[in-house]
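After this come two complexes, each holding chain A, first together with chain B and then together with chain C.
Take a look at the complex of A and B:
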């Protein structure tokens, strides 16, 4: 837009068009690396992945067309449903818990208190650290014999527990690490949202005699819904993607192996441990479709509760 | 009234501090364990502070893994990914934000569509491409697909779009070429956007796990994340050594974070507002 008016002011019509052509050439040169890179490494692979899912792909990438076989196998494979259930459990628990905790901490931080920036820095810290490294630390904390968690419980008179090796607790322990890593990050986003709410609303409410709790539920939460929605969507998507922590914390001989195998974990093992790349491609498309459906439901459902003014 | 507000602040501080204890404890425990001897770490019940403060674990890890090489690989991969993304994304973002050209909208939608798809979808074909190029188990494999980012292009486009039009009009009248306008006028003006992209990309590249785990399997071609996983597999009960590895893996980003915390936090805070 900008250059058009400038060019028109500068030169007669004919010259303008040659300037414009040079402009187009420049534009294509500017976008070439990203566009070609994305085409080769992302867009083409997207379609190739769909093709793979209808094939049996062996170690040497020789593929034989098998039609819907991978998909038929997928729907009757108990391991897939178990993994899907684990992922769902992970999302259904960590997303609301994480949202609650991050809103709660953001609300505390939104008060006029001292040392706010120190709190903010420390709460944010886990989200800049490598999840693979942090998972090792947590594994050590959870250790049955020598871990500090069981030591503390025993010191308090309780009895220790095999946190990461019992099927009933392992996934929950992983969820806790996930929450530990993400709550501070989401808190920062929500706090920024809270600070963007105009003071005049609170002043008006205070004049009407609304207390802090009432103000929180009648002003802060409704005004924050667009930010809450953003955090909700991104948390659900990343909840379905959990991989690093499980890979690091659960070994192949762990009795809780099946109970902590999420869909992305299963995808990785099928593709790169067992070498069933066609089947893994079908699993990855299944994950994609599930995330798409959940996101679309969220986008439709948001009209009922998200305020945009 | 004053007493009531003090009481309220006290409760807020206590709650926040309780959270901080949970957030910070794993870091403290990691550092403390890394300075213990192996015998002491395995002691039941464990000691809190190291009885003898030893750096044995840190010297052992250098013998157990080609740690310096792994470190260097991670640095190289992070730097190249970040520089590549900033260069390519800023070029494309400028054109998408500021130049009208044929098929612009279609191409931009194509770029954006990549953002909607979870990463696993691309992984198997990306692996086969790298394999066909003969690049498995090489340093370029670590960063090749990550040089191109739809997210970075979108992010910087937002910054370019917020700049006033008059800037360019004046430059065009002065006879500047597009390349000069981009390099000398526009790029310096989106510095906050570039800083945000550098932070996001460096954090992503340093901490990335699944991709480097898949493409590079020799220890001397690995990055820190996968190297830690082999360490964990081979030295199952050497906890001080594992913790020393973890300390060294998280330290660079923590140092960067403390230096640039304003930019880190503002970048994230804005993502909720802009997105």
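Take a look at the complex of A and C:
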């Protein structure tokens, strides 16, 4: 939709101004559905959420103003810090791991190998699968009693492990699922970036005697930094927002519950299980501010390493 | 000309999309009369197993009242989806006109002013005489009736006959005591195949430990709703008796059960016995892998006391309904003998009306379902913490899980639990 409107707005440069105006109207009509959707479902709720965070809002959306009470509660709530720690752990591990893995796979996909399109499809498949369905399947793979993972370990002579119910492994198992789901999407973006690098650089490097490894580190990586930067920002944001896999895989009586609860999980529980929507709004605003700070730091830091030609 | 046509076509397309978007927003319920001139009532339920019975009820009601059309709206219960949607809809003024509610959620809905006062309508009907007082009182707050009792659920001990036969052990019976039951587990333990357990003990209040807590003279929440009784040794004994079974190796570890679930383990033939609420019967009976191998008996007595927990549902009417009178009329009819018999004959739940209760056991004569209704009159209702009930139950499961896994002793877990739960009640 957005692309179409760009074309419509650009095309008739020398036409009469009435034509131009009509095209603008057409363009606005084209972007209207998306803009309306954004306004109604994102921007308005965002401001409403800020207002809610200063109110005590019950299950049925009846609110009374309480000032900063929700924020005072937030900063003294041990559960918030524990959950925030879990989220941070998730981001610190999955983001670098995911980035390396996607660059590696994208480089392989960029090479001349047979059946490339099959591999690309396979790697991208998890991204188009519903995450709830993915979580259900992985939940059974990890199952201590009947899961395929433990069955395989036992067949190989091992003794199996309670993957999702041991506090020491549960979060890492969830990270693995998160990686599996996002690597394909990041890989496609990085691959597109790699294919945008002009062949002439490689030809010149080959003439000078640079091997494929050298070419990769001296040409591909530096030229790819804008794309890497984009992938980094989006994966940090989605890492902080991880929710669905954990919600599906960890039940309330799971012994690893405390060690896998992320901030968004906590937000959900406060808002929809307990009905403290005002407090939940404060938690979500807190997550927003943290993500914003991290992103601003990255935007400043990028000047040092991102290479725009 | 051609260009203009394309433009027109795309305009039309966009317009359609916009309308679709707006229609999507406004697609609530309780829109009053429809084009056919009938009064429309939206009817919110959560159980797919009960949908056929509810459809039969709606058909019977529509036949008697040709000017009314009832639309069933099903939202699954799992993960709290039903309540999340209902609360959002109630806040936005578009909740179903008549909907299921359980005792656990009643207080917060009464508090939020979501439920219509049905006192007069119930007084005019035969409901006060035809139902046990406990069930009617479940939905009364400050002398106001907020719902018509729909059904109730109790618990029974289910066992896998094939596994008992293979082990050469006699089946459990209706008149067992807790000690008999432990002896039975001990006898079974070595005779079952490797990795199969006699019983299973999830961290489950309603179907497991509340029954023994109450039979042992323990308590959970004081009557005035200001204090919890987790520190009472009698309460702890009623919980410890299930943890003991795990420690003895008669039941799988808490971690295993948390992951797979007691019902799945029983249906997967990894345990020989389990407790199950009456709402599980349709699932068991429809599972071809085990349906013919299993049967049930009464929950073992504890301290010679028939211990069972009772919970149930009611039909409530939405205070903001545009057709409140028609909705109340429908809800009252759902409590009539005709309606309760239709529900009972489906065999899916135990009808709340006293004279219709026996239909549940008769609907599936292959099982000893009377185990559910034999002592329903003395079963314990769930403890209530007002609007904090759901949160207290959550705290309870979090803390008790630590005791079930052996991470801390039950006494320590209960001390931590009491501190947090009492603080919550004091808020």
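Just so we're on the same page, the second predicted complex is superposed on the first by the 267 of 309 C-alpha atoms of A that agree within 3 Å, B and C clash if a C-alpha of one lies under 4 Å from a C-alpha of the other, contacts with A are read in each partner's own complex, and residues count from 1 in each chain.
Everything that follows uses one rule, which is that contacts are C-beta pairs under 8 Å (C-beta built on N, C-alpha and C of every residue); 3 or more make two chains touch, one makes a residue touch a chain.
Since the model is a prediction, treat every value here as computed from it, not as a measurement.
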{"item": "Chain B versus chain C as contact partner of A:164, first or second or both or neither", "value": "second"}
{"item": "Touched partner set for A:207, first chain B, second chain C, both or neither", "value": "neither"}
{"item": "Chain B versus chain C as contact partner of A:119, first or second or both or neither", "value": "first"}
{"item": "Touched partner set for A:151, first chain B, second chain C, both or neither", "value": "first"}
{"item": "First (chain B), second (chain C), both or neither touched by A:37", "value": "both"}
{"item": "Chain B versus chain C as contact partner of A:199, first or second or both or neither", "value": "neither"}
{"item": "Partner with the higher number of touched chain A residues, chain C or chain B", "value": "B"}
{"item": "Partner chain(s) touched by A:300 [first = chain B, second = chain C, both, neither]", "value": "neither"}
{"item": "Touched partner set for A:128, first chain B, second chain C, both or neither", "value": "first"}
{"item": "Which of chain B and chain C A:59 touches, first, second, both or neither", "value": "second"}
{"item": "Chain A positions touched by chain B in one structure and by chain C in the second", "value": "26, 30, 33, 37, 40, 61, 145-146, 247, 251, 272"}
{"item": "List of chain B residues in touch with chain A within their complex", "value": "8-9, 12-13, 15-16, 19-20, 22-24, 26-27, 29-30, 33, 41-46, 87-89, 91-92, 94-96, 98-102, 104, 107, 110-111, 113-114, 117-129, 131-132, 144-145, 147-150, 153, 165-166, 168-169, 172-173, 177-179, 182, 203, 206-207, 209-210, 213-214, 224-226, 228-229, 232-233, 239, 242-243, 245-246, 249-250, 253-254, 256-258, 261, 264-265, 268-273, 275"}
{"item": "Residues of chain C defined as touching chain A within the complex", "value": "7, 10-11, 14, 17-18, 21, 25, 79-80, 83-84, 87-88, 90-92, 108, 111-114, 202-203, 253-260, 265, 268, 270, 390-391, 394, 397-398, 401-402, 405, 407"}
{"item": "Chain B-facing residues of chain A, complex", "value": "1-7, 9-10, 22-24, 26-28, 30-31, 33-35, 37-38, 40-46, 48-49, 52, 57, 61, 105, 108-109, 111, 113, 115, 119-126, 128-134, 136-141, 145-146, 148, 151, 154-155, 180, 184-185, 188-193, 196, 227, 230-231, 237, 240-241, 243-244, 247-248, 251, 264, 267-268, 271-272, 277, 280-281, 284-285, 287-288, 291"}
{"item": "Chain A residues within the chain C interface of the complex", "value": "26, 29-30, 32-33, 36-37, 40, 58-62, 143-146, 162, 164-166, 247, 251-255, 257-258, 272-275"}
